[in-house]
Structure formats: C-alpha cells, structure tokens
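Chains here go by letter, A, B, C and D, matching the order in which they are written, and residues are numbered from 1 within each.
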Amino acid sequence: MKHEQNHTTPMRYGMAIDLDKCTGCGACMTACMAENNVPFKEDESDKLVSITWMRIFELNNGKAFPDTDICYLPRPCQHCEGHGGHSPCVSVCPATATDYSQETGIVSQIYTRCFGCRYCMGACPYHARYFNWWDPVWPDGMEKYLSPNVSVRMRGVVEKCSFCFHRYQLAKNQVYLDGERKVPEADYQTACTQACPAGAIVFGDLNNPEHQVHQIVKPDSENGNKSRNPRAFRLLERLGTNTKVYYLSNREWVRRAGDNYLAHEKTGQVSKPHH
Amino acid sequence: MDTALIPKGVKRCPMWQFLLGLGIVGAVLLWGVYAMLLCWFKGLNQTNMNDYYGFALWIWADLAVIALGGGAFFSGLLRYIIGKDELKHIINYAVLIGFICYSSALLILAIDIGQPLRGWFIFWHANVHSMLTEVAFCLSCYFAVLTIEYIPLILENRQLDKVPFFHNLSHNMHEIMAVFAATGAFLSFFHQGSLGGVAGVLFGRPFAFREGLLIWPWTFFLFTWSAAAYGPCFTLLITWITEKVTRKKLVKDNVIELLAKISGWMIFTYTIAKICDTTRWANITAPGLGQNLADFYTGNAFYGYWILFAEIVLGGVVPAIILISAGLRKHPTWRVVAFFLGVMGVSLNRWVMVLQVMAVPILPFDTWALYYPSWQEVATTLLPVAYGIILIMISYRYLPIFPQEAELNPIEEETSTAVEAHTKSAPDLEPAKA
Amino acid sequence: MKVDRRSFLSFVIGGAAGTALSPLPWKLMDDSSIWSQMWPWTPVPPDGEVVYEDSTCTLCPGGCGISVRKVDHRAVKIEGKKGHPVNDGGICILGLSGLQLLYGPTRIKSPMKRIGERGQGKWQKISWDEAMAILTEKLSDIRNKGEAHTVAAIAGTEGGTVPALLQRFMTAYGSPNFIRTPSHQDADELAVKTLFGASGRTGFDLENADYILSFGSGIVDGWGSPVRMFRASSLWKEKNVTVVQVEPRLSNSAAKATRWIPVNPGTEADLALGIAAVMIAQNMVDPGAVAGAGGWENQLLANYGTKKVSQVTGVDAGVILELAKGFAKANRPLALCGRGKGLVAESLRETAAVYALNALTGNINQEGGMWAIPEADYIRWPDVASDELASAGLAQPRLDGAGTGRYAGARHLLNRLADAVNGGGPYPLQALLVAGANPCYDLPDTRSVRMALERIPFIVSFSSFNDETAAMADLLLPDHVYLERYGDVPVGAGLAQQVIGLSKPVVSPQFNTRHLGETLIVAARTMGGATADAFPWDNYETCLEETLAEKWDALIEEGIWVEADIAPVADTVRLAVTDAPAVQAEGDVNSFPLLLIPYDSIRLSSGYIGDPPFMIKTVSGTVVKGKDGFIEINPQTASATGLSEGSVATLTTPRGEARVRVHLFEGIQPGVVAMARGLGHTAYDGYLAGKGVNVNELIGPVEDPSSGHDAAWGIRAKLAKA
Amino acid sequence: MSTLDKKAKEAMDDDTAHASGGGDNGAGGFIILFFIIGFAASMVLGWVVFPKLLYSQKQQPFSFNHALHVGEVDEGCESCHFFREDGSFSGIPKLAQCTDCHEEPMGETEDEAIFVEQYVAKEREVPWFSYSRQPDCVFFSHAAHVVGAKMDCVACHGHIGESERSRPYEYNRLTGYSRDIWGKNIAGFKNNSWDRMKMDDCAQCHKEAGIIHTSSVQTQRDACFVCHK
C-alpha cells in the first residue's frame, strides 16, 4: 500500500490579507468563533483573557488630528514555518501537543494532549495562542449551535487558530470519494476568508502557482519566503518566524507597523534574521 | 516531651515555643493549601495571569527557588568532587535547602499547569526539542538525588539511627554520596541551563532571545553559572537567619568564609559574563531585530533601567566585590549584606527573564502588559516558603543538621548522659569515619 | 500468629509491589488523564448529517441571502449565500451571530402576562389561547366604546406582508396610529417626494460610480445593505475610485476613504450646498439638471459662498474647491447621505442638498448614479371595508400629527409620540402594540419615552426577545425569530433594483412562540365583524403565498426575486428648498461647551436587535471595559478638562447625565465627544445588559422644521472629571 | 530518659534478638508470608476486582441481528453503513433507513416488536450505544480508510457483521469510553487488529501498512492534525 501524498509537492497553506480592504468589521472574528466553537464569557472586555483565534488589532499612524489614520489588522495564527518547521511555539511544547506539518504547513494544536503549561504562549510573539482560563460554558440551549467538526476545548488548555483544518479534513473525504488527488482551492477555505464581506482575505496553497494567494504573494523561496509583491509584508518578519500570513497595503506607515525598525532603517529592507 | 528525638548534645527550644512557631507558619501553609485547592478545582482563572502573561509569579518563583537551591549541587560539587572538606559542616543544610527548593518547585509546577492530571505527559509524550522537557526530566531526577542525599540525614535522627538497618543504610549511603553529588552536579548543570534556555530560545521575543553555542543559548550557561554562584549565597543567608533565630552560632566562620569566598568569585565571573551578554544583546542581537534597549526599559510604569542596574550592579558587582575582598567578607554585616544583595540579584534576574519577557511589547502596535499577582498566586507562592520553614524547623529540631552546633554551643548544665552522648555522637557525624 | 509492626510493614510492601505490577495505578493514571480530556461538563456536539438550508436574513434591512449549516436538526452556522445578488457569499458580523439569537437566553419562550408591577420582570406563562383572549377582549372593549383610535401600533419596518398585516389590522380595527420606527428612510422618502414629485426611494448604483462623496454615511459602518457596501468599498479600492468621507470623526468609513474631510458636526448640508455653489459658479454642472432652476441657483450663489461655507463647516475654502472640481469632473460621481447606519433621519435640507449634488452632475437614473425608484409593489390586497366604528376611529387625527398641518410631509413621527402621550396629544392612548421595534431603547430621550409608556394602560409586545420595551409590556406574544418562520423581505437599503428575499423556516420553532402574521390573523378573526372580513386567509402561509402570487414559486426555488428593470418614479428633479434653517444641536453653548455626537459601529447592533455575545466580544476595550462605556475625545479636549486615557468622567447634556470613561482619539475634532450607539441596554441578557451608556438617554429629538422628523445629529454637552 | 526512649531501646533489643536468632523462631517466615499475602491481595485487586469496578455494562435498547441483515441486503455493510454525498460516513443508520423495510414488524421476535412499537411507531431514533465511538478529539475518516486505502470493515470492527445478538455495551466509568477502544484485555494485549482502537493502534497499523509519513517536524510521523480535530 502506498500513499499518494508521497508523490505530490507539499503544500504551504497561507493567507494574504489586504489591509486596505479590511474594514475592521469583525465578521472574520465572529465567523471564526462560530465555526470553531470558541466560548465566550459575560465580560469579554479584557482582551488579555478573551479567546479570539482571529483578533483584529487597530493600528494608527500616530499623527494628530486631522492627519490621523487608522488601519485594522486581522491576526489569525500566523502558522510560522520558522526554519524547517521549527516555529517559535512548536519547538517549545514539552508534550508535543502542537506540531508543524510539512504536508500542509499548518501548526496544529491538540487540546487533549496539551496539559496547559503555556510555554507556547510565551513563545508566540503574535499572541495568537489563548488559554482556557475558564470552563467553556454556553447559556442554556445555546450549545445547540456547536459544531461537531471542532472539539470543544476543556478548561486548562491552550487553543489557537487552526486555519480551519477540519475543513481540509472534510474536503479530503470528498477527494477520496471522488478519486481525485488534491483538495481543490475552492473546497478548502477558512471560515474567515469565506465570511469576509470585503473580500480582504485570500487563502490557499502558497506553493501552488494556480492558487490566488500564490499569485498575490509571489513568495520568494530563495529569500525566506519573503513576498515579491511590494505591497506585501509579514508581521515581525525580522524575527525569522517565517509566517504564512501576508499582509498587503499601499500605505507605507502600515507596512512599517508590521515590524520593528530602528530609526534609520527603511521599511521592508531589513537585515536577515540571525538564525 | 520529645527530648528522645532531639540530637544529643544540643539544646532546643521548649515544646510550646516550637509548636507556637509551627502553628504560625502552619497557618500560612494552610492558607496556601486553600489557594492551591482553589486553583486545582476552579482552574487558573483564580490567578491574575492572562494570555499575555502565560508565565508569571509562579514560574518566577520556580526559577528563583531552583537558582537559590543551586547551593546544594554546588556545595556538593565543592565538597565531594573538588574536595573542599570544610564544607562538610554546611553541606547538610545546603542539601536540606536544596531539597526544600526543588520540592517547592515541583509543587508550584503542579499548580501552575492547567491540567495537572495530565502533567505526566511531559515525560510520556516528551518533545525532545523543548527546553521544558529537559527541565522536567533533569529536575525530577535531581530531586530524586536530593531526596537520596537527604535520607541519610533523616536516618541520623537519634531514634532512627538505633535501627541497625537504617544505621547501616545511612552509613552506606554516606559512602557513595560522592556519586550522587556528581550526578546531582551533572543534572543541575543541565536543568539550570535548560531553565535559562527556556527564555533564551524564544526567538519570537527579542527581549529574551540570545544566540549561543550549538543548541544552547547564552542564557543556558548564564543560568547554570548564576545558580552555582548565588545558590551558596542563599545557603549562607538562610544559615545566618537560622543562627539569628536560634540565637546560636551553628557553623564556624572559616566554613562560612570559604563558601562566601567561592561564591564571591563565582558571582564576580558571572557578572562579567552577564555584562558581556547584556552588552552584546543590547548592541547586536536586539538592534538586529529592529529594537533598541530603550524599547525594553521605557514606556511603561514599572520596567525601567533601574531594574538592569539593580540586577547587575546591586545584585552582581556589589556582592562580588564584598565577598572577594577579604576584609569585607570577614565583616559579619557586610557579608550578610552581600548575601542579601546576591539573593536579590539572582531573584531579580529570574523575574526579568520571566515577567519582563512577557511584559515587553513585540508587535510594534502593541502595548506593555503589566501584571500583579492575585492573592491566590501569592498564597500558593508563600505555601512552599511556609513548608520550607516548617521542614527546617523540624529538621533542625530533630536532626543533626549542623555538625558543629554541639561544639559551638556546649550545654552548660550538662548531665553525665549528655556528655556521654556528646562524645559518642560527635564521631557519628563524621560520615567518613563512621 | 502475632501481627506485629514488621509483619504489617511487610504486608504493605507486598501490597505496594503487587499494586505496582497490576494495571490499577497505571490504568487509573491513564484514565484520569482521559477523564480530564473529556470532562463530562465540557459539551460534546453530536455528529450527524450536514445539510445547508438557504434563507434570507432579516436582522437588518440589508436583505442578505444566508446559507444555514445544519447537523441533523441543529443549525450550527450561518454563512453568506454564494451568488446572492445582495451579498454573494459575504456576511456581516450580526448575520453570523444569528444562531445566538435563535438559541440564546434572550428569547421570550412563551406567551406571558405581567403579574408584578410594570418593569418588575414578574411574568406568568400563559397559553396562546388565553393570551389571544386577553388581547382580543381588551381591543374589542376599546373599540366597542368607540375609541379605536386610542390604540397605536409601532412597527420596526413597513415593508413586507407582516407589517402590512399589522397596518391592515389597525385600519380594519379603526386606528390611524400605525407608526414606523424613524430612520434615514423617512428623510429619503420625503426628499424623493419633494425633488421628484412622486413616492419612491433612492437607489445607488455604487458599483459603477467612480467618485463617491459621502456626507457622513457609514459606508463600512452599516449604512444601506452592509455587506453590499463592504463589497462596493473593496471594489472601489480595486478600481481606484476616489471616496471622500465628510464627517467630524475618523470613522471606519472615513479611514477606508481615499480622503477624510473633517467637518463641523451638523454642517454637512452647508458643505454640500457650498460644493453645489462652486459647481454652479464654475459652470461644472449638467445643463439639463439646472434647467428652470435659476432661482434656486441664484439663492445658492448668494447664500453659500465658499468663504462663508468654509467658516461654517470648518473645511478650507481650497478643499471645498477641490472637492467640487473632483466631484464635477468625475465621470460617474455619486453623493450619499444619511449619517452612520442611517438610524436617524437627517433634515430635508441636508438630504435635498446631497441629492441636488447628484442632480447637478446629471447622474440621476444613470449608470453609476442615483436612482429614484418605486418600492416593490406586490402586496395588493382589497381595500378594507370599514365599519362604522372603524370609520369613526380613522377619522381621528394621528397622535403623532404626521401627514397634517406643519407635518404634512411626514408619514411617521414616532419621535413625537412621547410628547403626545405625555400630555401634548389630542387624546390619550389606551393600548399600544409593538412589533419589531424597541422604542424604549431606540428613541431619543428614552426617559420621556418610558414615561409615556407608563401612562399607556395596556401594552402588547410581539418581540421575540426580552428587550426594554417588552419589559414595559403587559402582554407578551412572542414572534418566531427569522430562522423559524416564513416571511417576505423587500429590500430597500439603497439598492438600485427591487429585490424581494424569502425567509424560510430553517429549524422548527424552538419555543412556544407564534408567527406574528398568524397572531394578527387569529386576532382579527376572533374579533369578528369587519375586522375579521379584512383577513380572509386561513393562516399566514396562505396569505403569503397568495400575496406573492407568481413570485412565490420563484422565491421558494431561488430564495430571491429581483426586478432590475424598473421605471424610475421621475427623471426630472425640482431643485428647491434651501431656505430652511439648519438643524441645531440642543443646548446652550455657554453651559455646554462640547458637542456630543453618537457614532455607529458595525460591531454594535443598534436597532431592535441587541448585540449578541459574539458581537459584544469583538467590541474594543476602549469602547466598553467591564460595565463602563467610553466616550472618544481628542487629547486636546481631554487635557483642557484634565482627563487622561481611561479616566472616569461625568458627561452632562440638557437631557441627562452619565458616568463614562474617556478614550483619547486623535481622529476626532477637538470639542466633540463621540459615543457609540448600541450600548447601555437594561434588558436582554447578562452578556449585553448594563454595559456602557445608551446615548439616547443623553440626546433628545430635534424636529426638522421642514418635516417634523427627528433630525438630531448631536447635542451640546459638558464633561467633568468624576 | 523518656518512656519513648526506653521503648526504642526495647525495640532495638528485639532487633538484636531477632538478628541473633535468625529465622528459627519463624518470624522471618511470617514476614515473607505477609509480603506474599499483601502481594497476592493487591494483584487480585488490580487484575480482577479493579477491571470489574472500572467497567460498567449497559444493554442495547434491543438486540440486533447483523448476520440476518447482511444476508438480506445486496451490498454488505455498505447497504446500511454508507458514505454520504459529502464523503462523510453515516455510521449507525437512522430510523428513517430502517423504516424503509420495517414499517411493519418483520418476523416475530421480541426485539422486532420492541423496535416497531417503541421506535418506529413513535418515530424515535434508537439510542444505540456505539461500541467503536472514538472520543471527540479524534477525526477519523472512513473515506480515507475504506475508499482511499481500500480497507476491510473487519480490520477495525472485527466480525460484528456475523453477530446474531448485540453484546452488552461496556464502558469505562471514569472516562466514558467504550471498552472496545481501550481493548477487552486489561493488560492491553491484543491478538487481532480489531481488539483495540487506541491512538497507538492507529499508529501501529499505519506503520505496518508502510504509510508512515514524516510530515510532522516534531515527531517525524504523521502530523497530529491528520487524525485530530
């Protein structure tokens, strides 16, 4: 018995989010919460204990009225590849509750394996990982809308965006039944991509030239997967996290806000990471 | 009442006093236990930790007690491997303190994890890439070693020692203590280092991240070094406190001074290394990631340059100078000041490497996250302190922790039995001769 | 055999060894970890067959198509319907949260009658039969006394068969008091009538426009049909369409625009007229548009000189010229109005000014322009044959005065109801029916609204949710929510076509609720006589099917019916009306040096639907923190008041006072205080109630002199450190 | 000297006596005996009593005769346990499928009567206990195994298709797992591929079938997300 995946190029699922289109409407956050059984509490105003796999940050250009500008930045898990799949979080997990798949480029999180040490949260510079400080509780009757495709997380474990991996699993079922080889681009889209009313999110295989995300990002594999698109940048690219979520903006201040720069450094032109 | 259990030739406070003390500390202990149960049954929402502060007071306490408990392995190394024989007069206490520190660390970890019932996954499903895995394995092994080192001391209790099996066991264990000391030193080197690595490998956090040697970031070596340097400081500080509390001289000055001197030189070298590390990090590592030193020490209400000064100068340079210079070292007050500063310095270092790491914003559009612990966190952190004090109280009362105590504090109205016991027990405390 | 200590010890050691070699400790250790992995109190959603059912969302007037994912009988997720002409797969945050409303704790689960004091929250569950008996007996009593006109009905909308049934019920019953909740729609309808001389509404061909000039319209903040607007906004980005947002605050729409023009609050009309004046002065107008409007032109040139407009609006004269040029020179320019989501009508002066701008460019009824089209007209029921009692009642004046005298232009003036009930009206109200509306929360000066409701002896709420108005009711006759019922959804919301969507039951009713259409039919039939005759249908479904006639099959099949080819109500615009004074903010400048303006956020549902838990979770910590609501002020304003980020302050307006926290925002004009709409609920559930401040408690209605519509855009305010 | 001290001295004397007396007085024998008693008791407790306590049994709503049904249908297992259009697996049939044939009682068994009276007539789904229900954290793709790898049902489910009666459903009181998942044998031994369905068993089969992936950077095996959700 041999496995067909052995003969296909590995996929690197990733995203391109157009910040000039993003309106900060929050549909992606909510679509994610609805899709992934994300719990909620009575008071969610303390964002430091509020589970939002997809979180929208509000950036501003720091200028005074009336030259102020703001920009919204949706932040899913960046699914860092790091160097050879050693993303900041997976390498620190002591119990292998999270791993990096070379086949899909997705960083997993296995809630039943995780025992809640939270080291991965400390390691993630994007604050994409969330801890279940409380038992997940739905008001009486509301648990009816919970989806069987995603496990409900118990108290005391870390959770994060999975690029809606269950959708890939379900799409694969169909692929098996149809006798195809690969999941078609349209059959595997994340809930946030699907919901975004502004069409700001594009999701697909960064390795596949036929996928829209590849065409937008044009990743440069020779250069740490940096985008060849001058509008594109990645969050904290200099850290060498090698993320798979690319952001697009025409505004220089927005692109500059994506990374740390010394005063004299030019946006987008940074030294290579140290490792 | 319990005189039969008290080592021969020494005087202990009256039972009521002892029980009163136990009661007071026990109350703190119970408070901590209550908080611990709250955390276990209600979950970690009892703490003030949050998604930015996944590691907070507890992990700091863990790192700090393990650094401070480093006195055990380093004294053991000096005593058994290097052959600093005088240290045998303080090694018992160093082992006891180490035992307390490490058991406390394990207890705190058991409270700190979100799913204590699955804690064993760290062993069963170990990820060899994780520094925490290394910590867990070495920590547990070294705790076992410390237990083995502590057992003979327990067996030296006057009553237990009468049981020939225990007597012989104790004797035999003393014989092979060097092996354990070596094992302990080896394990300690790794887990102390791994604890340093915990922060150093975080390449997503420029404040913590350090380059290093092979797979080990510089913090790996700095942590081991600092534990070896400051651990004895803590042993000596606790010894000093014990002497003050018992109003007795328990260890001779030459022993104290020897350990203090070694500690001083260790701190001195460590501080140089730390300064080099900080300089390199501030000028090469961080700017390479687009960050200035000012990004880490300004723009918030708590973490200023003062913390760098307090850690390196007050907690490093000053105690090093005091302990190196013979005059200051021999001065009882200066010496204790140095111990205190040293303990403060290493604790501050661990604080910085845990809490400040979490506090510093990394995303350019993010802000500092400051944190203060909840009472449950404070209580559970005081729990091991109370437990440690109780264990010291009991151990001190019933075990011959300080071999020089009887000699230094002759009992004036000696009865003939006591004299006999004294003369008889003294050689007993010399494991090598026993 | 003596069991001594050592034997016992030996037994224990043996036991320990045996235990260690048995599965007990290891299996227990493993099982306890597995137990922790599947704690019985952590829900496990049951698996099943997945099906998608399409329907139409009715949570806002947008009319998006939705596709509901079901697992067996449970609805688990709402997604946007692909290929739908309004939203094509996109969906907004409220639409996504719909299941939390369906299954949520805010539902009224059964008909109930009040047993405690009003507002005390003490209710008794009753049967539908009993509930209907209470309703019909009460209404019959009033009617039989010849006082049918003293019953009023408030509806959230007028479109569709259900509101039409309510309206018909009122007519057959004999009351002129069917009142629709105010919105930008009021201003729009009035402007169309005034400018085009016919009834209708506007539609905007946004997708084909190439220069957008928005006077405060929350293009991406929920204006119009929100998902369509988001899509249009992205389309403009792709096509490099210039979007200019005129607004005192850097809203999300302003941030998305190509250019943000901060304007003094309430002076949008002046700017629009100023731009029009420049266009006329520089001869940049469509010659056809101004034919015969010479008087208007002269008036405009005389009163809206650039310098003067610049002074009033705070916009540089150069910028006004630039805007005029940009707008006039664009191929297909389009101007929009209706502040924020369009929850409040603006003055006729303002609407007319903006529509005049469109007319000046000649974009009326053109591709990429503004269309004036009739409402979809498919509800063609025979006229109600009024009996004597009904005729007498209908002959009475409307309580809100709409349609007569100085309010001749207005059709609904709910903003005047409170005053009328509180003593200013021609007669007292004996009963009030409320459907799909929450006046106790939504109307400005909620305190006087509440006071008015307290004076009405009998209030019936048809709400599906525990809202503020339901809390004031005597009888609750809960309606199904949209996912449980059939319903036709005519979509206006700025669409340039006539679109009707169909809501279908996606899940069976979760509680003991009843379709409002059904309730009305049953009520009418129970009351008998002419009232019953006006309702010849057996049930609501029959009514709907008969009403939709040939469209029914298409709607069942496609879920939507679109009429793209519609004749405009008129092609020529009668340019007039500039002499009405501007609507001023209430309050005295000296006592209240600041201006409070409400703002809309797409993350805060601000209509009849309260924010579901998902949505409130996305609200920033600088809008709500714990129970505290925030106001936005410029750091300059803050330092003048001695306030800093997060500090607590007391905000006072002529209408009320509130404890607020301060968020410093550079994107707001100094001297202006902005507060989000949609907070400060006292009803609904713990996820929403008690958070923040209801801005309507601080703002009162200000009548537009031309129509009587509430055109309040803000109120004067002062801020003091608390 | 306190009494305690004295007792200790006595004990010490005792010790000396025993030591000098050796095993002659039988004390050593007793010690070993007690050790054996303790050992044996705990072994019995652990191996025999404990499993009985740990697992509980439930009877299925009524007995189902797989063998009979397999004989009646054309396409074997897939006649009732089929793939849905979206590729998901239907699992235990719903009542609607059964009523295709069972609108009226077929045959005269007591179980048939229960089925028709209690469930068909009342339109209630049969609350079957699933022997092989994986825990919620597992994503198991029947499509990948049955269609992709062309595996036989028996490989995991054993010869359930030949069973004539439903055996009692056994489950772990602590975890709620079906006993079939952890395996019948308390020690975890298994003889057949269907004796146990734990993660290790999945891994073992994947290994034997030569489909070991190295997609997980951390484990050098299949990525976690292949089988977890």
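Brief remarks on what is shown
Simple rule for what comes next: contacts are C-beta pairs under 8 Å (C-beta built on N, C-alpha and C of every residue); 3 or more make two chains touch, one makes a residue touch a chain.
Just so we're clear, the structure is a prediction, and the values are computed from it rather than from any experiment.
Among the chains, the centre nearest to the mean of all shown protein C-alpha atoms is found for A. A count of contacting C-beta pairs for A-D and for A-C identifies A-C as the more extensively joined pair. Computed centre separation for the pair chain B/chain D is 46 angstrom, with centres defined by C-alpha atoms. Inter-chain centre distance (chain A to chain D, centres taken as mean C-alpha positions): 37 Å. One finds 33 Å separating the Cα centroids of chain A and chain C.
In terms of their C-alpha centroids, the spacing between chain A and chain B amounts to 41 Å.
In chain A, the residues touching two or more other chains are 46, 50, 58, 86, 91, 93, 96-97, 111-113, 135, 152, 154-156. The set of chain D residues that touch two or more partner chains comprises 86, 88, 135-137, 218.
Within chain B, the positions touching two or more other chains are listed as 115, 118, 121, 127, 129.
Listing the residues of chain D that touch chain C in their complex gives 27, 30-32, 34-43, 45-47, 50-51, 54, 84, 86, 88, 90-91, 135-137, 172, 174-177, 186-188.
Touching chain A in their complex are the following residues of chain B: 43-45, 49-55, 112-116, 118-119, 121-122, 125-127, 129-133, 136, 198, 201-206, 211, 285, 287-292, 295, 357-358, 362-366, 369. Interface of chain A with chain D (complex): residues 1-3, 5, 10, 84-86, 90-91, 93, 96-104, 106, 108, 110-113, 149-152, 162, 165-166, 169-170, 172-178.
Only residues 83, 86-88, 135-137, 139, 141, 143-144, 147-149, 209-211, 213-219, 223-226, 228-229 of chain D touch chain A when the two sit together in their complex.
Those residues of chain C that touch chain D in the shared complex are 1, 3, 6-8, 10-19, 21-24, 27-28, 31-32, 34-35, 37-38, 40, 44, 47, 49-50.
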